[in-house]
C-alpha cells in the first residue's frame, strides 16, 4: 500500500500537539507559531486528500487497513467517502483560523482563570509551572487530530474510541480556558465555567457510554466492526438482525449522536459550553466537533441500521422540527451574544438532521453541504463576536450599541456573518438550507413547510442581534472601540470569501458529495419521490 | 450416637458464635465468638469425616486449629495495641472513620 | 440413620498400616511461591540478626530480588508451556499450574514489586531527628503520642517488618488463585490475610485510624473466613472430599455413590448450595462486593496508603482468581444456580459503589468506593462463564491493579503538615501548583472512568463484551449506566484539580525518590500501553483463559 | 449579444464590490464610479434593446447560460439568464431610473461622510434587481428577490444611528422574509410537481397538473408578491421604509423593487391562468390595497409617507390588473413603467423640497414653496398631474386601461373591481391634490416657527434640532438633482401616450403575456368619462379642504377614520400587540422552560443521585458490628437466593 495519507493527516496534528505542549514556558509565542504551522501543514495534507480523492471512484478511497486489536475483531481501518473528505477539509481549514483567532486567548493575564491563586504566600514558594498557552494550542491540535480520524474511521470501534476520547481535550478547553468576558465575580465565573465543562462532558459521556453498549451489541450480533464487512454481510444475507435488536442498537447509536449534534431535548449543554468558552473554542465545538455527530448519523445510523432508521424517522423528524423552531425562538430570547449564536446553531443542527432523515438525495446532499457551510458561517459570526466581546469585555447584548459607527469593518463582517446565518441567497448556507427544505418537502410536504418557519425566525434573531449591538446611538463604553486589526482581518476575510464563493459556485462541493449520497441512499434502499409531471428539462 | 446430631450441634455453635459477633461490644469477646465459629467448623468437619470414613476432615481440623492460633496471635496484637492507645477494647468506640 | 451406616474407624485401625508413599512435589513448578515464602522467612531472620541500621536496605534488597526471581520463574513456567499445553495439577492435587494461575501470579508479583517500591519510599515524610522515615510507624507497639513513641522516633526505629509481612502476603496471594482444593484455598486465604491485618495497623501518621482500620479489617475478615470455613465443611460433607476435581464430579453426578450411608450427604443439595454460598461469600468479602464491602472504605482510609494500594490491587487479583477457579472448575455444573445470584451481586455492587462514591469527600474513601464499583464490573465478566469471560477478567485485573497502585502512589505525594492531605478540598487547584502530578492523576482517573485510549476502557470493553456474548446484555446496560454515574465523581476530582482556585493553605507536592517515581511511571506506562496497543496482553490473557481440572 | 446580459448584472455588482471593499481611498471618486457603472449597465441595456427591436417578435428572446449552480441528484439549478420583452422593459426601467437616481444622489448625499458606502449599496441594489428580472428560473429569481431585500434593508437603515431607521430596516426585511417563505414554498411545490423550476419548462407544463396544485403555487407566489410589493396584509413596512434617504425611496420603494411582485405574477401568468381562484384572490388583494394605500395617503402629513401610501395604492392597481389575467397583464406592466417615472419624479421632488427645508418632512410646515423652488414645483406638478390621470399624461393612459380591464373582467366581479378602481382614482386625485396644495401653495407656514410644535420624526435629528430654532431658507436644489427630476418629468408626461399610440406596448409584450381584450360592459369612452368625473370630484374636495382654508400647523385631531389612517389603519398596532408582544412572551416563557424544565430534568436526576448517595452513605456508620450485620444479612440472602434458584 502507498503512503498512508489519511493516517498522516491525523497523526501530524497529534504529534504537533505533543511538541507544542513540550515547548518551555517562556517561549509562548514559539508555541503559537508552531501550532499555527502544524495546522497549516495539516491543511496542506487535507488538500492533498481532497485532490487524490476521485468522487466517481469507489465508495471508500485512500483506504488503510491494519490489524489493531484482533481480540475484539477491531481493525485500524481508514477510508474516506465524499462526505468524509468534505468534513476533513472543513476541519483542517477551520483550525488555523481558530488558532489565529485565539492567538491571545490563552495569554496569562491577571484576569485569566489559570493564574495564581489569591493566596500570595505560596506563590513565591511554589511558582506555577502551568503553561496555559502551550496547553491551549496543544489541546486544539489534539482535538483536530481526533476529529479528523473519526471522520476517516470505517471501523465502528475505531470511530468510537476517538469519538469518546475527543471529549477530554474539549473538556479542558472549555473548563480551563473560559471566556474572560464573564458576568460577575471571578469565583462565579470559574464556577459557571466548570459547570459548563462538566455538563458538556457528562452529557456526551452518557451518550457515549450508551453507544458503547450498542457497539458491543453490534459486535455480538454482527461479529465485526468493519463497515464494509457488515455491509457485505447484509448484502449477501449472511447477516440479518432481528428487527428489535436492530432498533435497540440504532437507538443506542443515535442517542450518542443526538447528544453530540445536539438535538432537542439533549441540547442544553451547548449554550453553556459555547457561552462559557472562548469564541475560538466555541467555534471548535459547534463548527467542528459537533459535526462528528451529524456525520456519524449519516454514516453509521443510516449505514448500519437502514430499517431501524426508517422506523425511527417520524420521531426524529419531529425532534428536528422542534429543534429548528425551538432553537430559533430561544435564540431570539437570549441576552448573551454567544448563547444566542449557540441556540442558532441548535436550530441549524435541526436542519441538518432534517436533511439526513428526509431520505432524499437533495436532503442528504443538503445536509452534508449544511455541515460544511454551517461550520464556515458560524465560525465567521462567532469569531467576529469574539473580537467584539474581547474589546468591550462583556457578552451581554445590552452592553453594546452603535458599534457600526466606531468600527464599521467589524460591523460589516458581523453583518455578513449574520446574513450567512440567516442563509441569505448568494451566501453558502442558502444552498444547503434550500436543498434540505426541498429534500424534506419532496417526501414530507408538511414537514418542509413547517421548517420554513425557521427561515423567518433566523432573520429575526440575526437582525435583532445586529440592530441591538451595531446600530443606534453610540454607547459611551464602545465609543473608543478600535476596528478590526490585521490579524483579525486575516482570520475573517477568507471565511467571508469562502461563504460567498461556495454560495455562488458550490458545484465542486456538490460534485464531491453527490456520489457518496447516492451510496447512502442505496444503503437505506430509498428512491427519490418522482415529480408529478415529468417536465421537459 | 448419630453423627448427624454433631452437625446440628456444630450449626448451633456457629450460629451462637455469629450472634455473639453481632451483639457483643468488647473486641476480645467478639474475637472469642469468632474462635467459637471456627471450632464449630472443626466439629462439623470431624463429624463429616466420621460419616465419610476418610480422614480429610480431621486433618483439616488440625490445620484450622493452627490457623486459629495464628489468628489469635495477630488478633490479640492488634486488639491490645488498640486497647493501649484508647484504653477501651470496645469495637463501637473505634468508629473514627464512617460515611 | 442406623449405626451400621457409620464407619468403624477402629476396624480400619486393625488392618496393618500399609506404608504411606511419600508425597510427590514438583518444586520447580511451585518455585514462584516457594521463592517468595522463603524470602519472607529470610526476612524474619534478618529482623532477628541484622543490625537495625542496615535492615532497611537488606530487607528491600531481599524482597525485590525475591519478587523478581519469582516473576522470572513464572515467566519461565509460562514459556515452558505450563500455561497452556502442559497445564496440570501439581503437589498432589493441591496446586494447579495453568494459564490463569500463572497469569495472575505474574500480575500479583509485578503489582507486589511496584507496591514494595512504594513501601520503601523514605523521602516524603520530613526527616525525623535526622533519620529518613517511611510511612510506617516507628514502633508499632508504642502507644500513639506516648513517650515510648517519641523515643522510638528519636532512635530512628523503623518497622522494617513490613517487608517480610508483605512477602508473606504475596506468597499467600500466589497460592490463592492456584489453590486446587478447599483446604489450600483456606490456608492461602489466611496466609495472605493475617499479614495484611498487621500492615494496616502500622501507619506512622493518624495511628488511631490505622489501628481502628486494622481491628475492623481483622474482625470482619476473621468473621468472613469463619463463614468460608463452614462452607468448606459443608462442601466436604457433601462430596466427601475437598479437592476441586472430586467435588466437581460429584456436582455433575459423575460419581455413582456406592455407599448408601453417604446417600443423604452426597445426595443432599442443601449442603452443596449452602456450602457454595458460604465459600463464595468469603471470596466476595475479599473482592469487596456489596453487601460484603463495608470494610473497604474504612480500611482503605485508615491503612497506610502504600498498603492500601497494595491491598486494593493484589488482594482483588488473588481473590478474583480464586473466585474464577471455584466457579469455573468446581461449579460449572451448578451454573444455573449461582449465575442469577451473581447477577444480583454484580448489579448492586456496580450501582452502590458508583452512587455512594458521588458524595465522598476523602480521596482514599473515594478510591475505595470506586474499587467496589470496579469489582462489580469484573463480576460482570465472571458471570459470562466463557473462556472469553475468563481472559477478559484476567486482563481487567492486570490493567486495574497497576492503575490502582499508581493512583495511591500519587496520593502519597500530596501532603501537608498532618501528613497526606487526603481530604478532597485540599486537592483544589492542584493542577495549577504541580500540573505534572495532577495530569498523571487525571490519567489514572480517566482510566478508572474507562475513557478510550486508557487501559480502563480496554478492560471495561473486554468484560462487557464477554458478558454480552454470555447473554448478559441487561447487565452490560446497567454496567454502562453505573459507569456513567461513576464518571461523574472522577470528573469531579479533575474539576477540583484543574478548574478551581488553589487554597492558600493548600498542600504541597513532595518530590519522591526514584522508588515511587518508578511505581507511578509503571502505572502510567501500563495504563497507556494497555489502552492504545493492548493486543499483546489480550492475547496473553486469551491464551491463559483455560483452567486445568 | 447574449453575453452582454451577464454584463448588465456584472457592471453594478462590480461597483458594489469595489465600493464596499475598497477603503477610504475611494471616498472622493466613489460616487462617480458608482454612477458610471450604473450608466454602463443602462448603455448595455439600450444596446440589447436596439438589437432586440431589430428582430421579429418571436425570436426576440435571448438566453445565456453561465454555469450550473446547484447540481444535485434530480435537482438542477443553473445560473442562466433570459432576456425577453418583459425582462427588457424592466431592465430599461431599472437601469434608466437607477442611473438617474445615482446622479441625483451625488447632490443629495453630498454632505454625508458615508456617501461611498451609499453608492455601493445602490449598485448592489441594481445588480440584485437586474438579476431578479433576468433570471431564467425561479431559484435564481429568488436570489435577486432576497438580494433587493438586503439592499433595501441596508439603504433604509442607512442612517443607522437613528433607532427608527434601524427598526424600519429590520421590519422591512422581516416582513419581506415572510413573503419569501411563500416564494420558497412555491419553488418547492414546482419542484415536486414539475421536477424543475425553470420558467420555460414550468410554464409550458402547467396544463399537465391539477388546478389545485396551480392554485397552491399561485397563492404562494402571491404571498411573495405581497411581501415585496407591500400589499395587504404585508404592506406595513413600506411606510416606515421612508426612514431611508429620499433617493432610496424613489428608486426602491417607488419605481422598481416594490414592483417586483407585479413582475412575479405577470411572469407566472401561465400558472395563474390555470388557477382562477388564485387570480380572484390576487384581484381582491390588489383592490383592497389600492383603497388601503389611498386612504392612508390621505391622512399622512409626512410628505414621504403620503407618497408611500400612494405607491402602495398604485401597486394595488397593478396587482389588480395582473390578477385579471391576459386582459390585464400588459396594463399592469404599462402602469408599472409610467408609475416608475412619475412616482420617482414625485419622490425626487419631495427630496428636493426637504433638501431646501432642512430635511423637514411635515407638509404642515411647508406651503407656498413654488416661488422658492420653481423647477421642483414644475416637475413635481407634472408628476402630480400624471398620477391623478390628467388627460394626456402617462397616468391617464395606464390607469384608465386598468379600470377598463377591471370592468372587462365581466360579471359581478367586474363591476365591483371596476368601481373600486374608480373610487381609488377619486381618492388618488384627492390626496395628491392635498400634497400639492400643502406643499407649494397657501401661506408660508415654515416662517415664525417659534410657535411650532416639535416636528414629527424627520430625516436628520441633527437638522431637526437646529431646524427648530432658526427657520429654513428654501432654495432650489443643485443641477445634479434637478436634471434627473426634469428627465423623469418628461417620462411622466409622454411615456403613457407613447406606449398607447397604436397599442405599441401591447404588441411589444404580446409574445410574453398573450394579450386578449375582455368584453367590457362599458365602452372605453364611458370609463374614461367616469374617470374624469371622479378625478374632478377628488381634486375639488381637496381644494375645498386645503386650498380655501388655511392649513393648521399642528394636525387637527380629525375623525376616527383619519386617526386610524394616520396609524396605517391600526395595522401596525395589530402587529405590535399580536406578533411582537406575543412573540416576546413566547420566547421569554420558552427561555424559562429551557432552563427549568429541559435542563431541570437532567439537573434533577443528578441531584436525586446525590441525595440517594447521601442516604446510602449513612449506612456506613463506622461501627464494625453493623458491618458484620450487613455481612451476615448478606450471607443469609445469598444462601436463601441460592436455595431459591434451585427451588424454582
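Going by the order they are written in, the chains are A, B, C and D; count residues from 1 in each one.
One rule holds for everything that comes next: a contact is a pair of C-beta atoms (placed from the backbone, for glycine too) under 8 Å apart; a residue touches a chain by one contact, two chains touch by 3 or more.
Keep in mind the model is a prediction, meaning the values are calculated, not measured.
K.L.:
Can you identify the chain nearest the overall CA centroid, using each chain's own CA centroid?
P.N.:
Central by C-alpha mean position: chain A.
K.L.:
Using the stated contact rule, I'd like to know whether A-C or C-D comes out ahead in C-beta pair count.
P.N.:
Result: the pair with more contacts is A-C.
K.L.:
Could you grab the centroid distance between chain A and chain C? Build each centroid from C-alpha atoms only and quote it in angstrom.
P.N.:
Their C-alpha centroids are separated by 45 Å.
K.L.:
Suppose each chain is reduced to the average of its Cα coordinates; what separation in Å results between chain C and chain D?
P.N.:
81
K.L.:
Take the average of all CA coordinates in chain A, do the same for chain D, and state the distance between these two points in whole angstrom.
P.N.:
Chain centres of chain A and chain D, defined by C-alpha means, are spaced 37 Å apart.
K.L.:
What whole-number Å value describes the gap between the mean CA coordinates of chain B and chain C?
P.N.:
Inter-chain centre distance comes to 24 Å.
K.L.:
For chain A, write out the residues touching at least two other chains, lowest number first.
P.N.:
202
K.L.:
Residues of chain C touching 2+ other chains?
P.N.:
If we look for residues of chain C contacting two or more partner chains, we find 215-216, 219, 223, 227, 297-298, 488.
K.L.:
Counting only residues that touch at least two other chains, what does the list for chain B look like?
P.N.:
18, 21, 30, 91, 94-98
K.L.:
What are the touching chain pairs in this one?
P.N.:
Here the touching pairs of chains are A-C, A-D, B-C, B-D, C-D.
K.L.:
Spell out the part of chain D that touches chain C in their complex, as residue ranges.
P.N.:
For chain D paired with chain C, touching residues are 606, 609-610, 612-614, 616-617, 619-620, 622, 624, 626-628, 630-631, 633-635, 637-639, 641-643, 645-646.
K.L.:
Taking the touch rule as given, give the residues of chain A at its contact with chain D in the complex, in rising order.
P.N.:
202-203, 264-265, 267-268, 326, 329-330, 332-334, 361-362, 365-366, 402, 404-405, 412, 419, 424-426, 430-431, 434-435, 437-438, 441-442, 445, 448-449, 452-453, 455-456, 459-460, 463-464, 467, 470-474, 504-507, 510-511, 514, 517-518, 528-537
K.L.:
Applying the document's contact rule, which stretches of chain C touch chain B when the two form their complex?
P.N.:
1, 3, 6-7, 9, 12, 140-141, 143-144, 183, 186-187, 190, 194, 197-198, 201, 207-209, 211-216, 218-219, 222-223, 226-227, 229-230, 232-234, 236-237, 240-242, 261-262, 265, 297-298, 301-302
K.L.:
Where on chain B does chain D make contact in their complex?
P.N.:
Touching chain D: residues 18, 21-23, 25, 30, 91-92, 94-99 of chain B.
K.L.:
Under the definition above, what is the set of chain B residues touching chain C in their complex?
P.N.:
Touch list, chain B to chain C: 2-4, 7, 10, 14, 17-18, 21, 27, 30-31, 34, 37-38, 40-41, 44-45, 47-54, 56-57, 59-60, 63-64, 67, 70-71, 74-75, 77-79, 81-82, 84-86, 91, 94-98.
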